[in-house]
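You will see subunit A twice below: alongside subunit B first, and alongside subunit C after that.
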Partner chain A sequence: MDLSIVLQFFISGVNLGCIYAALGLGFFIIYSVTRVLNLAQGEFVMLGGMLTVTFYSMGVPILLSTLVAVVIAGLLGGVLYRGVIHPARNLSKATQTFLTVGFAFAIEGIALLIWGWEYRSLPNFLGTPNIHLGGATIIGQTPWVTGITLLVVTGLFFFFGHTIQGKALRACADNPLGAKTIGISVERMSLYAFILAGTLGGIAGAIITPLTMVSYSIGFPMTIKGLLAAFVGGITRAEGVILGGMVLGMAEAIAASLIPSGYHSIFALIILMAVFLCQPRGLLSSPGKT
Partner chain B sequence: MRDYLNWAKDILISARGQGGEARDGSFLELKNVSVSFGRLTAVDQVNLVIRQGDIAAIIGPNGAGKTTMLKLISGLLPLSQGEIWFKQRRLDKISPHHIASLGVTQVFQDIQLFSNMSILENVMVGCHVWTDAGFLSTGLKLPHAKAEEKEIMERAMSKLSLVGLEQKALAPPANLSWSEQKISGLARALAAEPDLLLLDEPYGGLMTSEIEKLSQLLLKLQQGGITILMVEQRTDEALEIANQVIILDSGAKVADAAPSEIQSNEHLIATYLGGRITEGGKLHYAASE
Partner chain C sequence: MKRIAILLLVFIIAIGGTVSCASPSAEKSYKIGALTSQTGKYSGLGLQTLEGIQVIVEDINEKGGINGIPLELVPCDDKSSTTGVTLGAKKLIEVEKVDVILHGSTTALAQSTMPVADEGKTPAILLSGTALFDDQLGKWCFRPMGSEEDYVISFFQYLNEDLGITRVAALLENSGFGQGFEFFMPGIASKYNIEVVMTQHFDPTATDLTLQMTDIKNSNAQALVIWGSGPAGALAVKQARDMGINSPITASFAQGSPDMVKAFGAYYEMSPSLIVPASKTDIWQELPEDDSDKAMCQDFASLFLEKSDPPHPANFYNVLGAQMMLFVVDSLKRAQPDPTNVEKARSELRDALESTENLNLLTAVYTLSPEDHYGSVMQKIMLITFKDGGKILVPR
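Entry: the complex of A and B
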């Protein structure tokens, strides 16, 4: 195989992997703290993209548009917790998970009413031109996607590892009972987890829109991709989720060269099944945790 | 909206007592406290006053309701009846994390350390209750948050030094012995700077030399102004350091006195503690024969 094609697949795989990892981390954060699978995670991605397009089309600079869209997506994460999950806190985790589906449908419906069914796009951030490298072409938005994702992931690791609030979130994820008795409000940490996940989704949506375009209906497929990344890598560990995202991204990039485009998702599901057969808890999940 | 109203009500109740009623001088007071699980009454109309600066020990046979009492005070279980007051604030209507923020922390019998963190991180997270920096300022590393992180680290290390575990600061809990894990749990509780420490069977699973060390540490904490309420199966050790001993049986309080009074009461010892007093004045338990 031509080296330039291999390089092209690699770049494309890393790029997709970054997106899936960011999506998966949203699931990881919420699941760790609340044990709820937020099936509305993809809607934050959709909103991140749609709101950025909207603000940009109103003449707001693209980076500022992105920032405002991300803040709104984060706040909506808080609304999902306060308005849906918290009132249902005494119900089962399965019921709370189903409630997030209802929230997703509501957001999707509202988005359809506001923006219609058309796909929308954005130019590459700051008009970054495509880059030609060793025969491969890197789309100008790709470095933004990879760079911002790396920055966000590094920031998250720093936050969880080196700040008291990050440690408090980890404490709630590890042992809510122990956390409560040393003065940590598990409910407040759950709210923060939803805001953080909404923010992550918003960032993902804003940065991928120049590559993939956005419409009211992209939320559900994004939810599935994020879930796959989280489950392939192991939803109980952030490193696992990132690995899961990368595995999925690479697999899809390779599949793109081997099978027709409509079947890429099947390839991802085959990987998921293979991982579940060999490592039912995911590639890097913590032993004894589900 | 209702949640916010409940939260505001919690704050008001804890700040001035229900209906504005103020309590007199006692440090911790349980008034007619009961809790039932279905038909089982685990704690039955217990009245109790703990004085500031004391070490109080709750003893009694298995299933007497000792651990349940601690859980009621720390808010982990709701009362069926009665009131709990701490420093003139009512505890039984507020959430466990709020109770901890008022200065009451609990160390569990099964420790409950955070397994995904080092011992130092476990103790650091114990400081969360007194930190001011919010989520955003911490995440953005604003100067105030940065200074606070430094203070948290220093204070956590000082607590580890106090309990003699500074050498194990970076180890994960799984690499520590049972007694070291117990002491780590205590250091984490101390990081919250509590006024009242609730200890559930602190001597459980420890060897004699470790028990001696822990007793010395608890006395040192008492001298430092911390009030301790412990639940303990090892009656001898509890009687040795306590100022006040409470005997529970089937959820009811059957004695509340100084250790010397308990030790000289053959009826109490024989009936509720399954032992007798030997000629040398020592307690002797049938279980140890």
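Entry: the complex of A and C
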């Protein structure tokens, strides 16, 4: 196989992997702390993209548009917790998970009313041109997606490893009762988890929009992609989600070189099934956690 | 108590989320069920179609209805799901008692309409669907919307006869829409002395097509034919240009929709600019004066601009929606069924649809028969391209 083709598959694999990982990290944060699967996570991605496009079309510089969009998405994460999950905190986790579906429907409906059904796009951040490398092409937005995903991951590791709030979140994830005993407010940590997940979703939406386009209805497909990454890698560990995203992205790229292009998407599901059969808690799940 | 309240709320959301039909009422009217995707992933297609239907209904009612009887539109959202289609069609037939169903969404959803319409003995006109299922239309469904074959011919004829191209690559959506195109492609390609050197596929929700583009770029194709029903097709055009594929590209009418042009107009205009099929209404200003359809297309374009809210030019799916309604109007005028006897009215309307003959509409001239619910169609497809932020006819 020509080297340029191999290089292109690698570039596409990394790019897809970063997108999957960026979408999956929000699930990890919320699930770790609350054991709730936030099926509205894709809506934060949609909002990140839509709001960035909206502010940008009003003349706001792209990076500032992204920042404002991400802040709003984060705040909506807080609204989801305070308005939906917290009042139902005594119900089962399955019920709380189902309530996030209702929230997702509501956000989707409101987005349809505000923005209509049309798809929108953004130019590459700061007009970054495409890079032609050894016969392969790196689309101008790809370095932004990869770079910002790496920054987010680094930031998350720092946050969880070296800050009081991060350590408190981890404590809640590891042992909620123990955390409560030593004075950590699990409810407050849950609120932070939802805000953080909303923020991550908003970032993912803003950075992938120049590559993928955005409309009010992309939330659910994004939720599925993020869930795939989280389940394959292990939803209870950030590095598991990142690994899951990368495995899926690279697998799709490899599949593209080996099987007809119409079957790329089933490859992700085959991997998911294989992982579930061999390692039901994901590739990098924490011992004893589900 | 709180738990019961929450469960009740969840139940209401679930029931309400399944299907929603508006229920206007009128004493004596022809009831038209417009089952379209108003929400969900196909809402772009469904809402545009519904808008076209609404414009015609409003216009007919302002002119006094059909033989003095007004039209009553009953819009129903199929939520872009097969379940939504089935429940929506059943509700329109059994509860709303509509005389006819107009279904505006994708191929898979159109297929779900067919058994319900057949069982409910209610005529249904389908917007979408591949010509591959025309033999399954049964007694009550009609799909007089043309075939992928017509589009394949228009592309390959242009590529070979106008550009002298003999080798193309095809990038097709992995759906019924793409399958229909792929079914007709080999025969028509050989008819125009074109070799399809590579066929790649993409998922309707694909976001990265660089892998397919790498193979296409490394093939010896002189042109690229993209066939998709949604934004992935437009992304394909963008990523082809991003990857340095500078050969002529043709794409489907869906890629010519206003939102796609707005998002990717700069890529569409890159030389050689993108070629897409369009209705004559899309580009009526450019039609020659002696074109017999110019006045009809201009009238519809003006009517649509006046009645759409907010006002905007009619696009391809608006035109197709309006055309579905015009089929019904034509049949109602001929059949003059009694709206108070729904079962008889449905049957008479179906018979009238079957006897449609040389009906000259916005995208084609249609003749239907009891044996042929797809119809003998004389297409009026135009190839257009993009320049200076607008659309122009492809110079031939």
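What we mean here is this: the second predicted complex is superposed on the first by the 281 of 290 C-alpha atoms of A that agree within 3 Å, B and C clash if a C-alpha of one lies under 4 Å from a C-alpha of the other, contacts with A are read in each partner's own complex, and residues count from 1 in each chain.
The working rule: contacts are C-beta pairs under 8 Å (C-beta built on N, C-alpha and C of every residue); 3 or more make two chains touch, one makes a residue touch a chain.
Fair warning: this is a prediction, and the values are worked out from it, not measured in the lab.
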Report task. State whether subunit B and subunit C clash or fit side by side on subunit A once the two structures are superposed. Result -> fit
Report task. Pick one for A:154: touches subunit B only (first), subunit C only (second), both, or neither. Result -> neither
Requested in this report: Tell me which partner A:121 touches in the superposition: subunit B (first), subunit C (second), both or neither.
Outcome: second
Query raised in the report: So which one touches more of the residues on subunit A, subunit B or subunit C?
Result: C
Query raised in the report: Which partner does A:86 contact after superposing on A: first (subunit B), second (subunit C), both, neither?
Result: first
Query raised in the report: Thinking of the overlay built on chain A, is A:57 touched by subunit B (first), by subunit C (second), by both, or by neither?
Result: neither
Query raised in the report: After lining up the shared chain so the two structures overlap, which partner does A:166 touch, if you call subunit B first and subunit C second: first, second, both or neither?
Result: first
Report summary line: Superposed, subunit B and subunit C have a smallest C-alpha gap in Å of 14
Report summary line: Note: overlapping subunit A surface for subunit B and subunit C spans 87
Report summary line: Per the touch rule above, subunit A residues touching subunit C in the complex are 2, 4-5, 8-9, 11-12, 15-16, 19, 87-88, 91, 95, 98-99, 102, 105, 108-109, 112, 117-121, 130, 132, 136-137, 139-140, 208, 211-213, 215, 217, 220-221, 252-253, 256-257, 260-262, 264-265
Report summary line: Within the complex, subunit A is touched by subunit C residues 2-3, 6, 9-10, 13, 17, 39-41, 43-44, 47, 80, 174, 200-203, 205-208, 210-212, 214-215, 218, 231, 234-235, 239, 242-244, 258-260, 262-264
Requested in this report: Would you mind writing out the residues of subunit A in touch with subunit B in their complex?
Outcome: 82, 86-87, 155, 159, 162-168, 170-171, 173-175, 177-186, 192, 286
Report summary line: So, in the complex, the side of subunit B touching subunit A is made of residues 3, 74-76, 95-98, 100-101, 105-106, 108, 112-117, 121, 124-129, 131, 133-135, 138-139, 141, 145, 148-149, 152, 188-189, 191-192
